[in-house]
Amino acid sequence: MSTELLKEIATCIERGKVNAASPYPPDMKGKEGADELVKKALDQGIPASEILEKALIVGMSAIGQKFSRNEVFVPDVLMAAKAMQAAMKHLRPFFDSGEAKHRGTFIIGTVQGDLHDIGKNLVAMVIEGGGYKVVDLGVDVSPEKFVDAVKQNPGASVGLSALLTTTMINMEKTVKLVKEAMPGTKVIVGGAPLTQEFADKIGADAYSPDPQGALEFLNRTN
Amino acid sequence: MKKFSSLAISKADELVFGVSPNPVEVKPGFVVGAGETFPELNYILPHGSEVSHATMDQVEHVYGEMAKGALERAARLGIEHFVIEVEQVFEMTAYPEWGERIARVTREAIQQYEDKGVHAALRMTIADIRDRVRPPRNRTSTETSLVLESFERCAPYADILAIESTGGKEVHDPALLMCDSGGVVFALGELASRDMAFLWEKIVSIAKKHGKIAGGDAACGFANTAMQLANKRMIPTVFAAMVRAVGAARSLVAVECGATGPDKDCAYEGPMLKAIAGIPIAMEGKSAACAHSSRIGNVAMSCCDLWSNESVPYVRLFGGYSPEVCLEELWYDCKLLNESRRHGQERVLRDLLVSSDVRTSVEALMLAPESVIRISRAIISSEDYLERALRAAVEAIAIIEEAVANGTSQVPESELVWLDQMKLGLEPVQSSSGKAVDHYAAFYPDFIPSEYGL
Amino acid sequence: MKKFSSLAISKADELVFGVSPNPVEVKPGFVVGAGETFPELNYILPHGSEVSHATMDQVEHVYGEMAKGALERAARLGIEHFVIEVEQVFEMTAYPEWGERIARVTREAIQQYEDKGVHAALRMTIADIRDRVRPPRNRTSTETSLVLESFERCAPYADILAIESTGGKEVHDPALLMCDSGGVVFALGELASRDMAFLWEKIVSIAKKHGKIAGGDAACGFANTAMQLANKRMIPTVFAAMVRAVGAARSLVAVECGATGPDKDCAYEGPMLKAIAGIPIAMEGKSAACAHSSRIGNVAMSCCDLWSNESVPYVRLFGGYSPEVCLEELWYDCKLLNESRRHGQERVLRDLLVSSDVRTSVEALMLAPESVIRISRAIISSEDYLERALRAAVEAIAIIEEAVANGTSQVPESELVWLDQMKLGLEPVQSSSGKAVDHYAAFYPDFIPSEYGL
Amino acid sequence: MSTELLKEIATCIERGKVNAASPYPPDMKGKEGADELVKKALDQGIPASEILEKALIVGMSAIGQKFSRNEVFVPDVLMAAKAMQAAMKHLRPFFDSGEAKHRGTFIIGTVQGDLHDIGKNLVAMVIEGGGYKVVDLGVDVSPEKFVDAVKQNPGASVGLSALLTTTMINMEKTVKLVKEAMPGTKVIVGGAPLTQEFADKIGADAYSPDPQGALEFLNRTN
């Protein structure tokens, strides 16, 4: 039954079961994973788009919701993302372009002078999980680099992260240059020392204290 | 290099605030670890400040004001001894002359208050900017020489030198997010430890040259990060608890290289260092809520010799500017600790501080005196960096499992499964060290083995 | 009106944090004074905020954010019970509908967290704006009706009602600056007490009507002001200490009118009210350093039932916004207190809290359990308002003199002469009450006797 | 000997000994005070200006300095001020105008909406002690009242006090109106919640955390 199989795949995604060889999660040890099952589904003739929508997205959003409710942890989500990747490997050839299914592009980086990237990486992960293409520029990113990225990805939104009170200030310049180079670009900022007031002051379009907020913002504006 | 094979404090009962087997005179007449606990105050520029050529005069001025405000409050309240920690921000290390200016202006403020009866010591904590290059070139980059130059330049004005070095972080960060216990052990036990040996030999010799004290190097970017992530429910608290224990194995390297304490506040592995090496330690907890939330606010006080607020941005409150306010709070905490010692009640108070946190937090459990002794013993049971980090991890997991079984510490349902995962994850480091390198180099390709002498 | 002729707590040993003879259930299931100490959090708009027609939407929004931030932190840390105090600013009382909006938005936030296991109670403290008219017309001005209207409007959303009334301040302020002890006794004993009797009868009946709790009325504008002035070395600490004792005689009037506690935090006369009337009390100390410096940071904790931060402006710190940070700190303090009780060590901890402050401060000495009982006994030895205030002053001076003689509390040299001055200054009130009015009306012409029923 | 007498008067001022009837300070009980001794000095033919400079100002500045060094308290200074008043009563007729000796005029008040005045009163006292004429407008003072006072006292400096975070904001308007009405008027602000940054932001000329700072500012600018 194809519904059964799709359910199984969704479970593999949600539980982060990559393939038969993977020891995670321990209670699924030895069983087939997303890798094998997606191949099987294609072999059975289930359309790629159906697998994507009824299994992969279902599994990812299940884990995403659990994460929002604090029922699971980041590694769970990361494992799910790995299972997703393994699955997408088989599906990608069936879509015109790997990007066709993206809801939009999100350029993210930690601003100049700042090396903190754990928060930024989490944001990137959640946004990616939300169906966006993420261009991660890394840490200590100059305003100019952001501008280049925006030019290369017309229509993309931008996320800036800063954890230091002394680097927050670099956001202002970045926002300015990005908006000059590509008017209409939406910029969202975040990081522990930031506030809505600061975001307003420097002319950013949004501030969010967490990745979920960033995703909601993108969903609203894309 | 010295390795410890026995504990300076081997009985849980002897692990108490205010006393350490090897007290340190941080400046003439100001001895830490000899019976009294003192505040350690840390403050930083207001949110949104810029540190640049254009603003350095203003930045220096603000640092002077922050120090003077705190010293004035000390004079008013009759606080005779405390430590001011200036934790450099990035730019101050990247431009060592800026860091030097900040050190100097702080020293000058301190000197102005000497004859008002306030004798403050200055801890200069250099920022580890080596991490600016990705993957970091910990031994060969310009950043490495800037860090060392900063130590040289600040030493004349400081009493205590410290850093929170970041070696191994490029592996630790992803390992943390994956809750890969073996990756954490490898990052801290192999990479961070080797890097600290490289760095601390140099720091200790700079300190010696200037007749200053080589303080210590807390695993902030590791254990503290883990705690933050656990606070935000990104990773399980049981995992963060384990990271703390492993961090102790790493941070001991500074002491092996000649650091004498007082150890840095930021990662809470100090108690193990006190037990193993007998050095005095700075700790932070509830009165560092300004810097971060925690589940270990009281237990952290139970064996501190310096009691710190970690970091507060300069803001105006009704009761004065934030540094003054924090100093006053820390002082009251210290008064209570010191009073208990005067009345021979220090163990009663310590036990209350411990038990008030341990019941609801395994992160707190790691700092309970019995746990500290057990983890410390595990660490000194091997001379091999990786092996001792591994043993710390195994012991930490065992302590947690026992507490869960006995019901002495509560663990959320959703975390229980992680204890097994953590044990599983240790497998790759349980084989020999050489193989571990290959294993993790494959898994976390973003580190350069030669930068760790591997 | 009820007058107390015996003490609810007559032994110093029984005056301890967390328990009071007459506990109060502030909301269903949340009982104060029955064995546990809880945080009371107070926060206020950021510096420079304006409260006006134009800004009220934003102001209301910020109050909602402040409450939610604190409640979210409570949920994370597992803080089941605490009190939020909203102390109105001037404009919120002057425009009672504004005050009502703030009360409502706070109540709504509280309700959102009920099913997350956080049960917070709301104390609404109305601003006493009667003082806006000079000389104040405490009984007959529009301000008087605005104050009462504010109580009416906020009552539906609040659990506890409170105020810090200012009756007598027009005499107390200049008396304080002159260190005129008789003037202080007259202002607090005669004027403030009479005014409170007028006001509290009304507040209690509003509370009853709405089924809410009439909390209390601390002598903030008197005793707290005295402490601030002493901190700034404007007046001697021995004088400020005496004012605190006299303030207790005044603040008792609210209880006599039917207030049940928890008493307000702001003036530290709560311990006397607890001893006399057995009501639970809020206190503030070291963890209110954000609001003001003090010399009584630890001793203030020794018999509190709610533990407060007094007031913090809304600012961003690394560890979150200031209200959350303060709540976390208060909670850790409470955890320690509660833990000591669980282990039967509460008296040990209490005594350490007391002695750590008393040695160096006569202001702290006033709050030592033995002093509290003595002052309380002095107060109930007379039913006459003025007389009991006078006896409180005399007893306070006696306690200080004994402590100075025994060396149990240190007093700066420059203050010793003031003890005699203070005794001298009491002469005019030592004669009969009627004459005192004439005497002080001549000296401090800025009060209207009829506004006090004189 | 006239120097002896002047010294005695200075002591009366410094110690706050008003007159023979006054019981303060206790150790001078029964002795003659500033009142009697100044009269005696005038009777002996000592010039009023000499009494003022060599006795009154000497006594006041002695107590002022002790206060700065935290050796005495506000009531001591207030008593000294009372003794000074008693002395001035006799001297005033000898000067053309009571204000002749003033170094300048200082208008002070607590801003609109704010009733805290203890700090403001202390500032007023210290400024008066420093030789200025003080016009105290009281509490809850509207910007318009400040403007009126400035118009009535051309050349005067202005001091604004605020203790509430919600009333600080009223300073801005006051500063603006005062400076419009009388350009060049120096305005100094103070009160617990204030900061130098805030003072800069609202266009005040100075901020001081204490009365001494206000006095120094006036001395610099007058």
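As written, the chain order gives the labels A, B, C and D, with residue 1 at the start of each chain.
We take it that contacts are C-beta pairs under 8 Å (C-beta built on N, C-alpha and C of every residue); 3 or more make two chains touch, one makes a residue touch a chain.
None of the values given here were measured: they were computed from a predicted structure.
Inter-chain spacing, taken between the CA centroids of subunit A and subunit C, is 52 Å. Between the CA-based centres of subunit A and subunit D the separation comes to 66 Å, rounded to the whole angstrom.
Per-chain CA centroids place subunit C at a distance of 33 Å from subunit D.
Multi-chain contact residues of subunit C (touching two or more other chains): 47, 313, 316, 318. Among the residues of subunit A, those in touch with two or more other chains are 193, 195. Taken pairwise by the contact criterion, the protein chains fit none of the simple patterns, being neither a path, a ring, a star nor fully connected. Every pair of chains in contact is given here: A-B, A-C, B-C, B-D, C-D. Note for the complex: subunit D touches subunit B at residues 192-193, 195. Listing the residues of subunit C that touch subunit D in their complex gives 44-51, 89-91, 129, 131-132, 134, 173, 176-180, 225, 229, 233-236, 313, 414, 418, 420-421, 424.
In the complex of the two chains, the subunit B residues touching subunit C come out as 47, 73, 76-78, 231, 285-293, 295, 297-298, 310-313, 315-320, 322, 324-326, 328-329, 332-333, 335-336, 338-340, 343, 345, 348-349, 351-353, 355-357, 360. Partner subunit C is touched in their complex by these residues of subunit D: 23-24, 26, 70-75, 78-79, 113-115, 117-118, 121-122, 138-140, 164-170, 193, 195, 198. Only residues 316, 318 of subunit B touch subunit D when the two sit together in their complex.
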